[in-house]
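Here is the structure we will look at, set down as structure tokens.
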Amino acid sequence: METSKAIKLKVNGKQLELLAAPNSTLLEILRNNGHVEVKCGCEKGDCGACAVILDGEAVDSCLTLAWIADGSEVQTVKGIGTEATPHPLQTAFIEEGSVQCGYCIPGIIVAAKVLLDENPDPTDSDIRVALSGNLCRCTGYTRIFSAIHKAAQVMREGAQKNG
Amino acid sequence: MLPRFELYQPTTLPEALGMLSETGGNVRPFAGGTNLIPDLRGGREQARKFVSLAGLDDLRFTRFANGRVEIGSLTTVSDLHRSHEVLRNAPALHASATAFAGHMVRCTATIAGNICYGSPSADLLPPLLSLDANVTLASAAGLRILPLSRFNLGYKQTALKPGEMMTQISWPQPARGTVQLFYKLGLRKGDAISVISAAVSLTLKQMVCTHARIALGSVAATVVRAERAEALLLGRELTEKLIGEAAELAADASAPIDDLRASKEYRLHTARVLVRRLLRQAAEGPGEAGSTRRSTEG
Amino acid sequence: MVETVPTATNSPNVQLHQVGKPLIRTDAPNKAYGNTLYAGDLTMPGMLYAKVFRADRPSALIVKVDTARARALEGVRCVLTAWDLPDRLVVTDIPGQTGGKTKNTAQPILAKERVRFFNEPIALIAADSEEIAASARDLIEVEYAPFPGVFDRAEALTAGAPLVDGDANVVAAYKIRKGDTERGFEEADLVIENSFRTQVQEQAFLEPEAGLAWMDDKNVLNIKVSTQVVEHFRAIADALGIPHNRVHIEAMYVGGGFGGKEGLTIEMMLALLAYNTRKPVRLILTREESFVNHGNRHPFTLHYRSGVKKDGRITAMEVRLIADSGAYSKLSPYVLLYATVGAPGPYKVDNLKVDSVVAATNNLSTCAFRGFGTMQACVAYEGQMDEIAKSLGLTPLEVRQKNFIHTGDRNATGQKIESAVWSEQCAIQALEALGERAKGNDVVKIGRGLACYQQSYGRIRWFKDSSEAWVGIEVDGTVIVRCAVTDIGAGQSSSLAQIAAEVLGVPMEKVVTYFGDCTLNPLAGTSSASRALYMTGNATKMAATKVRDNLLEWAGRHFQVPPDDLQLVEFRVTAISDPARSMPIDELARRCAADGVHRHHLAMFKAPTSEGLDPETGQGEVFPDFTYGAHACEVAVDTETGEVTVLKSVGAHDVGQSLNPQSVAGQIEGSALMGQGFALCEEIIQRNGVLVTPSFSEYLIPTSEDVPETKAIILESRSGLGPFGSKGMGEPAFAPVAASIANAVADAIGVRIFELPITSEKVINALARKASGQVKMH
């Protein structure tokens, strides 16, 4: 049986070499290496709490084997923005009161980020489909939807100014 | 936590096929893993050797040329959902990709994985069956092409032999004006396993049916075609009466079971309803290509 | 220490500067940036990993537990079974509070002679890695002998049914006898009788139970855990046989609770392993373990018989309730009490008879869950209201208007309602907000539903609930609130910061709330029963007010004005009569410090108490007060497939005073979707006690694609017992939602589905019954 090997991951811009067994998931190696902002809610792709951006695509890190992610670029909620340089999504989530217990939020911001990268002016329906893999039990999503609309608007206005 | 297993990571198809055959057949292809990982974790998957197909980028494509549609086996469900070509040429398949699981799972799950898992509730299967899709199976010994209708043999049983993997799904582009529709009924609107699903592909010339395919999901051990209903429609004018009869025959093609999600009776009832509804919708005209539905709002 | 029993009316508000504003919650930014650490995110050097071995069947005798092979595995540090425990039983009746106990709530920590429910814990393992712990778990062998189980609540109450524990399966029973129901039914023009059934619901908080425990250099057992109740430290200390002051529980920010983390979560397991190994031990449950680890919502059978006059007035009501507690009673007696007292809803029913019982079965345990018995009753009493309206040709609103309880009326237990009752205003506003009715067609039918409710906030009066909080101001003008309340996601700690900021006139960002720590913070009681804001908010306001008084007394002397001429706003103390007499609050605090003025205060808030109910009549005072409101919704029902789509969902509630309207709206919106799940798609299914919906693949909570157009309407009577006249809101917002959806479906298809959840299949079956004329006519 093959044992662990070092895999290369660029996580939030930082190149890492992490030890992973064939049966390690991306979720496990991220969390075991300090990226506990990636949450674990079900380990089977039902809840989306563990979502990360893997080479531009939102994936459930619990359903991604670490070896298969070898050589990839990973972005977690912390890579999307920080207190010093918040992403408009984070600002909007804070301002709109979209955060309650907060456990689903890292995954939801990941899914929303990928949506807005791809679709700067999403409809309500686009947002619903994009978040269909993210369970939130506290908010009823209403304020999450409004925050995503708001962030999209801020980003479009920003792009206009810069363009 | 997953049980221990071995994972091989080939980067070319020949290498992958070699690994699949060398290990004496007790090795399984690993595509998106969105079913395999939960099954490994839940003790439902006993294999302990896997060949990861993630490195085979060449198998991730959608081609629309020369009257045929060819989809690489590692094309993700999300690729299908995002493809304007798929939306235009295979709207029912597009609708099933949109209704498939949740967003992140769509980004990882592959078309071949959905087919090869062999579940009767596989969302992509009814549209693919209604398109007369073929599947290409490769092994170290060579390729073979099989109609999809002969691939899924029973509940989680497929025609895939040890050492084989799926490389491509293809179908002839339907005649102009063919209406392709899909409808999925779940216990909730998002990220649901289908209670029942139906796909219809219908060509009408002055309301006379020149081509008909009807496929139903979650009503038997495999996704099924309602062949008697299809035969009934062929060459006839699509009247309300005919639609009703076809819906009855389609229900007869079902052999549903009671499970957590619904009873046998409910599935038989909705098999009739969905087929009737999709046929009626087809009779109303092709409309725009994407006139597919996944739920009943409005 | 100030002790106050509040009266039911609060003085009109002074001008509020921060309360009532949608300020950014103190916890929101770090949660959005991914900085917040939850219990499962913690690690310690040398930490061990824990696993739980659980029974694979719901009812059996345990002949033998063989852990030898597990113990022998390299890297295994500890395997504990019931035989290793100093005290096999844990008693956690009335979590939190005063540590009160009643004998019949004792529950084995680990199963010993018998397994009483599916996946009951039998052994605990701690090992050097998670993998080793899991391997050790696989090596534990249990020999079982058959033992009959009982899985139906009605059957459990029949003579000869297998006994779950003790000598009877009756966990608790209550009765209410008020007025003369016989005469009431005689006076009635019409009698309507129906039976309703509600299912088991899973809290489905997103963060599974998790925690980390270790013994420290003071020989104190520390537990950082995801919990709603830090006061479990007492039960843990008792079970370990160590003094109470050697167990230190710190609740982290909790990733959702909804009642599911009110009972012991995994604190006891962590405590036992850390105490025995003397090493840090972490345990994180999987989702599947979480489902069986905490008690879910009680399923109820609710039989209602209502007598009404032609004008809709209720003349008598008879109610029979049967609930299922699962194997251990946990909080079942109280859940049943809530349902019993809440049985008539927000209506004045002078002739009332209620008989209720909760039965032990070998099903999964049921315990606290948002709505706590009351919301199940709401499904039934609001269903009855609509059936009455239909029979009499009245609108749902009209029949309710005839019966609403009002301020000054006496409720089911004879308790006088002291606060505002704005049921009618809420109902009217909720219905209005639905706007124009959607268009249906031959296949898709549109329906509307209304549900009103009465939901208590604050705990049962004879629990003698109290809460403490400490508020202090530092010499730089920053404020500290210390209060052991847990923050389960509704903004509990942020609300306290907002209250302190209001009272002391500092911006909210200058306040830090230290919460959820049972040793370093004053005990505040549970985050449950919609009591957190009511109780801890009052305690915080009292403490802050005392600090304010001390500061103003000094300032009054300094500025030579009476203290009540001074205001603390925008970080300044200013004389109203002479604004030139003013100084910044940091200077004020500094100068007070120099003069030895007390800049902090510990306050206790006590809820009103009573000594219990008359057991024969059920009369007496049960709760401090109630919240009233309404939920209205519009649904589309596909009559061919049975699919129900909620189009619009509106909650309108009198919250007394909203501290943070954004947070209040968040409670209403979240409740709308959780209630929708209960109404339509959520159901824990057990087959002979075996859970067959063990994860989020089978147990379906609403997703982003299920969300209707949702609206929150906030009314403010300022009549509540909470700070600034607020009322509890966490549960009330949830109480009427499922009932309103059930009513809307009945309105759409003209036939009622009496058993939740209303799946597509049940709709089709109901329509078939209607078509074949099998529907009961009144």
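First chain written, first letter: the chains are A, B and C, and each begins at residue 1.
Methods note: contacts are C-beta pairs under 8 Å (C-beta built on N, C-alpha and C of every residue); 3 or more make two chains touch, one makes a residue touch a chain.
What you see is a predicted model; the values in this text were computed from it and never measured.
Across every pairing of chains, the maximum count of C-beta contacts belongs to A-C.
Chain centres computed from CA atoms place B at the largest separation from chain C.
Computed centre separation for the pair chain A/chain B is 29 angstrom, with centres defined by C-alpha atoms.
Centres computed as Cα averages put chain B at a distance of 43 Å from chain C. Averaging C-alpha coordinates per chain places the centre of chain A 30 Å away from that of chain C. Listed for chain B are residues 1, 38, 102, 190-191, each touching two or more other chains. For chain C, the set of residues touching two or more other chains reads 697, 703-705.
Of all residues in chain A, those that touch two or more other chains are 43-44, 46, 128-129, 131-132, 134.
Interface residues of chain B, counted against chain C in their complex, comprise 1, 38, 102, 185, 187-193, 195, 260, 262-263, 266, 269-270, 273-274, 277, 295-298. By the touch rule above, chain C contacts chain A in their complex via residues 22, 24-25, 27-38, 40-41, 203-208, 253-258, 284, 286-287, 488-491, 662-663, 665-666, 669-674, 695-697, 701, 703-705, 707, 710.
Put simply, chain C touches chain B in their complex at residues 130-131, 134, 444, 636, 638, 640-643, 645, 647, 680-681, 685, 692-693, 697-698, 700, 702-706, 759-761, 764-765.
Chain B makes touch with chain A in their complex at residues 1-7, 9, 30, 32-34, 37-38, 40-42, 52, 54, 78, 98, 101-108, 190-191. Here chain A touches chain B in the complex through residues 1-2, 21-25, 28, 43-46, 48, 51, 57-60, 62-65, 67-68, 111, 128-134, going by the rule given at the top.
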